[in-house]
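A, B and C label the chains in the order they appear, each numbered from 1.
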Amino acid sequence: MKTLVEIAELLGGTLRGDGSLVIERVVHPAMVEGPRDIALVLSSKVFPLVESKGILAVVAPQELAEVNAPNAILVDRPRFALAKLTHLFELPVHVDEGIHATAIIDRSARIGANVSIGPHCWVGPETVIGDNCRIVANVSIGRDVVLGTDCVVHAGVRIGDRTRIGNRVILQPNVNIGGDGFAFVTPQKGSVESVRESGSVKNYNNEIIRIHSLGNVVLEDDVEIGAGSCVDRGTLGETRIGRGSKLDNMVQVGHNVTIGQNCLIVAQVGLGGSSRVGDRAVIGGQTGLPDQMSIGEDAVVYAKSGIVSDVPPGTVVAGIPAITARAAKVREIHIRRIPDLSAELKELKKRVEELEKLVEGGK
Amino acid sequence: MKTLVEIAELLGGTLRGDGSLVIERVVHPAMVEGPRDIALVLSSKVFPLVESKGILAVVAPQELAEVNAPNAILVDRPRFALAKLTHLFELPVHVDEGIHATAIIDRSARIGANVSIGPHCWVGPETVIGDNCRIVANVSIGRDVVLGTDCVVHAGVRIGDRTRIGNRVILQPNVNIGGDGFAFVTPQKGSVESVRESGSVKNYNNEIIRIHSLGNVVLEDDVEIGAGSCVDRGTLGETRIGRGSKLDNMVQVGHNVTIGQNCLIVAQVGLGGSSRVGDRAVIGGQTGLPDQMSIGEDAVVYAKSGIVSDVPPGTVVAGIPAITARAAKVREIHIRRIPDLSAELKELKKRVEELEKLVEGGK
Amino acid sequence: MKTLVEIAELLGGTLRGDGSLVIERVVHPAMVEGPRDIALVLSSKVFPLVESKGILAVVAPQELAEVNAPNAILVDRPRFALAKLTHLFELPVHVDEGIHATAIIDRSARIGANVSIGPHCWVGPETVIGDNCRIVANVSIGRDVVLGTDCVVHAGVRIGDRTRIGNRVILQPNVNIGGDGFAFVTPQKGSVESVRESGSVKNYNNEIIRIHSLGNVVLEDDVEIGAGSCVDRGTLGETRIGRGSKLDNMVQVGHNVTIGQNCLIVAQVGLGGSSRVGDRAVIGGQTGLPDQMSIGEDAVVYAKSGIVSDVPPGTVVAGIPAITARAAKVREIHIRRIPDLSAELKELKKRVEELEKLVEGGK
């Protein structure tokens, strides 16, 4: 419960109207139900809605100042305002307080202060759960795991043995941390090796031997991982995700991968074994990064890219195979020019024929 | 247990042979084990199998009427017959009747009549489960969820707080409904914004602020969602999937997405935040739809497409970048013509050289 | 605990130094902590690390024989040595011995000798679990499932009714075996059928009827399936994965698919309904194989390929649409030549114009 003037201050915005108005919820204009709802207006398309519903209070960007609501807070960077507003009126996931009677906590595990662990969770031996963690339901946490403070572990998350997790980490539902890496070898040279050497299949994978994963996963502070994503453990060393990096749903992080700090990795991206992602890199959805390859610091990779060589720091790449976004645009223009080229060539051929006739005739 | 004549009537097919034959199972010809099995024949390739196994009864399309089985039902639309047959002989997922002793149902939850809830499930406070729902095992349902009647919730499904689910909805194993949206903002302009404006990285994501998800997910009647798929909650409003729409496995539905009615969305498709899919659209596997973009009503999108602009209603699109399927075919033909163009150009150059010599010589 | 001489023998490598040295762990050079750690050296990049940390014992390929460590085992095929070393020092996933008090085992299920079943697991009626299986936690196994001996079933795995699983199968966390296939039909001709016939949408999916999945899934011996992957049950018959095949994380296997023996299928691959993968095929990450299509024996498919026709045995294919890797390379070279073609054509046009002037003038 906040007054409009308090919200305006928090947002650093300009208040118009009655600052003493009390607000309890921030919602989309379509979902305003009562006088204690404030609506976020991000487009003039919702102006009619604001009027017809008689919405009392809105937050809007400066350029939509003409919005017709009796009370308004005008802000410079509406998306940043949205972050602050949603923080103010956050609705944290429900977990009953304390350790649920059905939660199985190994005797040798250590549970911090003010921790909530919901129904049907399992915490394995020697595992340490930091203060204020909230573990929703049906979660499995293996042996010798360290979870920092203030983490939120949603329902169905799996955390494998020896995982190290920092503070304020958020794991969305059914996240898989610490599955075994996909690492196999044939006793003799295999088909992929022969393709690498000669371009064709000259050897056969008649036997496939497993390389066991003895390493672990490290998630640094403030990491967030989306629903269903998988982070495999290292073979001998770590798979590491740096401080503040955010992964969307169903992202695949192979064994021995290193992701830097403050990266943003959109849904369904696949990062092959031992690949590296530099600090602050942004990777669009459904992109694939092969084994061993790297994406540099601050690089921006468009969605659905197929990386085929290291991406230098600060570059913007796109396409399959991924090239700079500028080059990809030019490439596309060139492809679209093929029909013209074809027509021009045909026409030129006729002119040459004509010339040939003339010249031949003139001989 | 049905007689052949009953099955023929249900399918609207033509019966050949003994209508009193009793059938207990419908199977693939390869799996026929006894006289109470009926085999579905969809190709003449299985004719030898039908003969060698002495299969007693088959369902076959009219055009395979020559199938050599003593009893046959001939149908017009075999795939539709298959739907009816599999409905007739359905083998519903096993759930013990009633509420299992290990299921944790919050005191404030309301459970309808004839509901089965299996082992190790959790139903949170204020949640309402409609009549005849079957909830298999290890399922987590959060706070203030409404589940309609006759739903099937398979093992490991996660349903987040405030989700609204209609009647006859089917959620396959490990589906994630209501994870938080992937929504972040940098306090100042970030790298992606600078790329949008200038094409290059001029700003850096030194700080990433979370936008919390206060909205919810709405699944209308008769929706089905495949194993491991994720539907994120809206930021302030809803993420909504319309009546009768079917999603395959590992489909990603971002926050604030709206999917219309009777859509078919194949495995591993990704729908970005606030994107929209019109009624009856069909989206092939591994396709990506960026944030904010739309696919129109009745559009058909080929597998592995990369949408880059709104898809108009009723169009057929394909490719990366996605264009109309016809244009994509032409584009492909053009690309394959490049070597010819190259050769023709080379040849023409020679002829021009020849001409130049002649003309120069003739001067 | 092994001596260096024992390890050298196991690896078939050449020992240099003190064979009586006792080793307890194999780790990455960066993670060596004490005298009982042996480090695997795969690149000369870690030589400084080996020296600065004073690492006592290493395994290295023959070509890195100059590594400066007092004790070394030199091997021919270091990746194969890695497999043997990780087997020797394996750290199996933690499961408490025996059947956990919270595990719900149906009275009619049969559990073999020396089986461990962790907290909050469910084993349904008539299901058989073979000797030495280890089932970690929060696992659901339905009715009439057969699990062979020596399987490892990680946390959160879902195994549907009637699944047949061989010996030594490994299922990583949150794997989904036996979800229903994505199979629907419209009573009359639907939009996709009209597109197939005419290239455009002339029919509408006003009603969508479910085809129920009555079949099952069969996983043969030594199959491994990665975290979050989904294998749907057959419609009337089986979905089958052959002996020794390994699937990475988040792989989609549709209904009625057949995968041969010893295949390697990398993360996020999608195999459409009724598709077939031959023995020993290798499929790169994020590749899509449409319904009904096949990849032949020993074929190697590059990552992110979009298969559009059957891949013959032993071929190497790449790209969207997938063609032979050689053709794909040539195609790429041709596309990159378009700007040159364009320039050459322009130049040639000028020369023709020049000629035309001369010839016209000469007339």
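The rule we apply is simple: a contact is a pair of C-beta atoms (placed from the backbone, for glycine too) under 8 Å apart; a residue touches a chain by one contact, two chains touch by 3 or more.
Since the model is a prediction, treat every value here as computed from it, not as a measurement.
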item	value
Other chains in touch with both subunit B and subunit C	A
Residue-number overlap at the subunit A/subunit C interface, same or different (half cut)	different
Euclidean distance of C-alpha centroids - subunit A vs subunit C, Å	22
Residues of subunit C whose C-beta touches two or more other chains	102, 120, 138, 156, 174, 228, 250, 268, 286, 320, 335, 338, 341, 345, 348, 352, 355, 359, 362
Footprint of subunit A on subunit C - complex, ascending	25-28, 30-31, 40, 77, 79-80, 82-83, 86-87, 89-91, 93-94, 100, 102, 118-120, 136-138, 154-156, 170, 172-174, 224, 226-228, 244, 246, 248-250, 262, 264, 266-268, 280, 282, 285-286, 298-300, 303-304, 314-316, 319-320, 325-326, 332, 335-336, 338-339, 341-342, 345, 348-349, 352, 355-356, 359, 362-363
Complex contact set, residues of subunit A against subunit C	102, 104, 120, 122, 124-125, 138-140, 142-144, 156, 158, 160-162, 174, 176, 178-180, 182, 184-187, 191-192, 195, 199-201, 204-215, 228, 230, 232, 234-238, 250, 252, 254, 268, 270, 272, 286, 288, 290, 306, 320-321, 330-331, 334-335, 337-338, 341, 344-345, 348, 351-352, 355, 358-359, 362
